[in-house]
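Look for chain A in each of the two complexes below; its partner is chain B in the first and chain C in the second.
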Partner chain A sequence: MNRLRRFLAGFHARPVAAWEWLVMRCLFAGVVWLSMPRASDQIYSSQDAPNGIAHWVDLTFLAGPGVYPALQAVVAIALVLYAAGLLLPAVLPLLLVSHVMVRTLFNSQGWIHHGVQMVSLVLLAQTAVVLTLAGYRLLKGRRLELRPGTTPASYLLFYSQMAVVSLYVVSVFSKVDRSDGLWFAKSHYVGLHVVKAERDRYHAALEPPGPGDVPAARLVLAHPNLSRLFLGAGVALEFFAFLALRGRLWALGVGLGLIGFHRCIAALMTIHFHFNEMLLAIFLINVPYWTARASGRLPGVGGTAPEPAASSA
Partner chain B sequence: MAEARSGRGAIAGAAGAFVRHPLGQLFIFLLFLYQVKEFYPFTHVPMYSDPEARAPYLYLADGDGRALPVRSHCGVTNPKLRKMYRSRLGNRCAEDGLDKKHPPADVVREVADEVFAFLRERAEVRGRPLPEGLQIMHVLIEPAPAPDGFKETTTLLVRSAELR
Partner chain C sequence: MSRRLLGKVAPLGIFVALTALCLALKENFPFTHYPMYSDFSDQSYYVWIGDAEGEPIAIQNLTGLRTGRIKKVYNNGLQAVRAEVRRQTGSAPRKRDLTAEQRRAPGGETLAWLVGAAPDGALPALRAASPLRLYQVDITIDRGRVVESEPLSIAEFAVP
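Presenting the complex of A and B:
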């Protein structure tokens, strides 16, 4: 019982150095920018199958002349401010609303693309943290008391990690529920979907000429039990993704495991989740921290008092 | 009375501790995600959550049944073509109280016309217009004996108005 209590007590925000959080902000700003459509012709002028806020708001105004380029300019400025750690209580909600509007319009055409939700969710998590801290200060006239050694950046990182892992854990809920608990028994049929993914890839551009061979699908279908074992390991990894919240080492392990998982899916089905991988690398793997630690130069983290992080957070 | 009050207090305390604990917060958020399903940016990540023994896909073809590169023309991938057709058909069937597994032919044609119109508009915007007559082909992938392990059966799903 004590062991369980100690284990559960390990899930909390941890000290984060200012330089570390600065690197994360810069990288995440880049991801947000990359996840916005590049050109106005990707902004649709209809929303025939509304999703999310498109049920209440007509987002097709984004396709109006000059609107999207203007929004891109606003987002670019906001991202520079975000990377610099300035005016976060104003900048983060602006980024969140812009990102959600654009991606909601994209998902209101009759399809749901699942490659970018994680970026918006991290923006949502960070917005919630800065507004909670700012709101508390406004209402109570003093700063919210944080865990010893932590700064607002600690919570921004912690809840960003929570947003990232939540999508992996909820996918396990979906597998259990939608398959009536038979996911493992049926999992070798993923082989058929590997074929489908290959055919989808071929029909997108008809290149190379003629549909490709699918040896991986044949292997999966020919060895159902081996496939269940392999695919089941992937599901276990998704389920235990929440352990990333227990500390840097756990986050590193889960992050590496999930990137490996995405790489396997990409190799097997040519389905890519580039933004998920980027966020795993930034918020879970955290290469700058481990590089600094390996080189023995680790200012402001773990054991030593952390440097004050993002002043306006 | 006092016991009941202290019992309620203990429950309230446990509930408070649960909500304050990060895993409790994560659990509540997961329930929310699962309840909301698809409401951008929220999702329950349903991809491959029910791997069935049949995997259907659609592709766009010209009047002679030759496949067209849908992404090159319209900037839309093949899965998006499928999802767009299915979701519009599903919505239409829900509105009219029809069985979406066996929709009437006229409903299929009307929904397909909407999809064709969308694709033509995107192709025009991108300067890669589509041919006059279009078809949507349906391919069903099913398990089959070794050595292939699967078989593919192609049928015509629907033609555009020019070909009817």
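Presenting the complex of A and C:
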């Protein structure tokens, strides 16, 4: 019982170096910018299949003359401020609303694209943290007392990680729910979808190899238990992704595992989740930290050293 | 209480709440429950776009729109037809049991959507290929092997 209690108590924000959070902010600002439509992309002037806030808000104003370029300029300035760590209680809600509006309009065209939800959810998580901290200070007239050794950046990172891993856990429940619990039993049918993905790839660009045998699909269908084992490992990885919240080493392991998982899916089915992979690399793997740690320039940061006294935000 | 909220009680509780929220809200941006490939089936289909001669067009190269996205639009149309049949008869046919006639309208709407969503620069090439045709290929597993049907012409659309 005590071990379980200790295990459960291990899910919390941890100390983060200022430079480390600066690197993450800069990289995440880049991801947000890349995940916005380009100036040359068509901004839809209708929302025939409303999704999310489009049920209540007409987002087609974004397609008006000069509106999207203006929004892009605002987002660019906001991202510079975000990367610099300035005015976060104002900048993060602005970025969140902008990203959600634009991407909701894109997802209101009769098809749902699943590549950028994670970016918006991380913005939502960070917005919730900064507004909670700012709201507390406003209401109580003092800063919120944080865990010993932590700073607001610790919470921004922790809840960003939570937004990332929660989507992997969600997908596991969807598999169980939508397949009536038969996902594993039917998982070797992935062979059919491998062929379908290959045909989609071919018809997108008519590049060789043309329609023909797909060895990976043949292998999967010929060895259903092997494919169940392989796909089962992927699902287990998704389910246990929440362990990334237990500390840096867990986050590193989960992050590397999930990127490997995405690479396998990309190789097998030509389905890419570039932004998910970027967020895993930034918030879970955190190469700059481990590089600095390996070179011995980061003594103590990471939760292994005794935690200093409580700080406030 | 506030310190506990952010420090002790909250983390796992918020994680569970966020996960439950995504499951409950399903597809409402930015929330998603990632439904793709959550139920593998032994039958499916894919679509491709052909020109007036029935030859495939490299549609993504031309328009930037993936065939998977085109299929989603077409699939939504088929679902709408199923819902309409259910409303009229009390039971909805499976997608694979829809007649060619029932598929034609969603197919035509998909092609119209494709032309509307394509960048202006792609329109001359689309006009040259007009009328565009939407083809569907059914794909199933039979005795451990993938079997594909002959392409079925669903609908055509003259590009204005």
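By our rule, the second predicted complex is superposed on the first by the 293 of 313 C-alpha atoms of A that agree within 3 Å, B and C clash if a C-alpha of one lies under 4 Å from a C-alpha of the other, contacts with A are read in each partner's own complex, and residues count from 1 in each chain.
One rule holds for everything that comes next: contacts are C-beta pairs under 8 Å (C-beta built on N, C-alpha and C of every residue); 3 or more make two chains touch, one makes a residue touch a chain.
Keep in mind the model is a prediction, meaning the values are calculated, not measured.
A.B. asks: Once both complexes are superposed via chain A, do chain B and chain C end up clashing or fitting?
C.D. replies: When both complexes are placed onto chain A, chain B and chain C end up clashing with one another.
A.B. asks: Of the partners chain B and chain C, which touch A:250 in the superposed model: first, second, both, neither?
C.D. replies: Once the two structures are laid over each other on A, A:250 reaches no partner at all.
A.B. asks: Under the stated touch criterion, which partner chain does A:290 make contact with: chain B (first), chain C (second), both, or neither?
C.D. replies: The answer is neither, since A:290 touches no partner chain.
A.B. asks: Output check: A:178 vs chain B and chain C. Expected answer is one of first, second, both, neither. What do you get?
C.D. replies: both
A.B. asks: Just chain B (first), just chain C (second), both, or neither: which does A:230 touch?
C.D. replies: After superposing on A, A:230 lies clear of both chain B and chain C.
A.B. asks: For A:240, select first, second, both or neither according to whether it touches chain B, chain C, the two together, or no partner.
C.D. replies: After superposing on A, A:240 lies clear of both chain B and chain C.
A.B. asks: For A:51, using the defined touch cut-off, is the partner it touches chain B, chain C, both, or neither? Pick first, second, both or neither.
C.D. replies: A:51: touches chain B and chain C.
A.B. asks: On the A-aligned overlay, A:19 touches which partner chain: chain B = first, chain C = second, or both, or neither?
C.D. replies: neither
A.B. asks: Of the partners chain B and chain C, which touch A:217 in the superposed model: first, second, both, neither?
C.D. replies: both
A.B. asks: So chain A touches chain B in one structure and chain C in the other; where do those two contact lists coincide?
C.D. replies: Shared contact residues on chain A: 8, 11-12, 42, 49, 51-53, 100, 103-104, 107, 109-114, 117, 120-121, 124, 158, 162, 165-167, 169-171, 173-175, 177-179, 183, 186-193, 195-196, 199-200, 203-207, 217-218, 221-222, 242, 245.
A.B. asks: Can you check the complex and tell me which residues of chain A touch chain B?
C.D. replies: Against chain B, chain A makes touches at 8, 11-12, 41-42, 46, 48-49, 51-53, 100, 103-104, 107, 109-114, 117, 120-121, 124, 158, 162, 165-171, 173-175, 177-179, 183, 186-193, 195-196, 199-201, 203-207, 217-218, 221-222, 242, 245.
A.B. asks: Can you tell me which positions in chain C touch chain A when the two form their complex?
C.D. replies: Contact set of chain C toward chain A: 2-3, 6-8, 11-12, 14-15, 18-19, 22-23, 27-46, 48-49, 56-61, 66-69, 71-73, 76, 113, 117, 119, 137, 139-141, 144-146, 148.
A.B. asks: For chain B, which residues count as touching chain A in their complex?
C.D. replies: 21-23, 25-26, 29-30, 33-34, 38-57, 59-60, 67-72, 75, 77-80, 83-85, 87-88, 91, 114-115, 118, 125-126, 139, 141-143, 146-150, 152
A.B. asks: Chain C touches which residues of chain A in the complex?
C.D. replies: It is residues 8-9, 11-13, 40, 42, 44, 49, 51-53, 99-100, 103-104, 107, 109-114, 117, 120-121, 123-124, 132, 136, 140, 144-147, 155, 158-159, 162-163, 165-167, 169-171, 173-175, 177-179, 182-183, 186-193, 195-196, 199-200, 203-207, 214, 217-218, 221-222, 242, 245, 271 of chain A that touch chain C.
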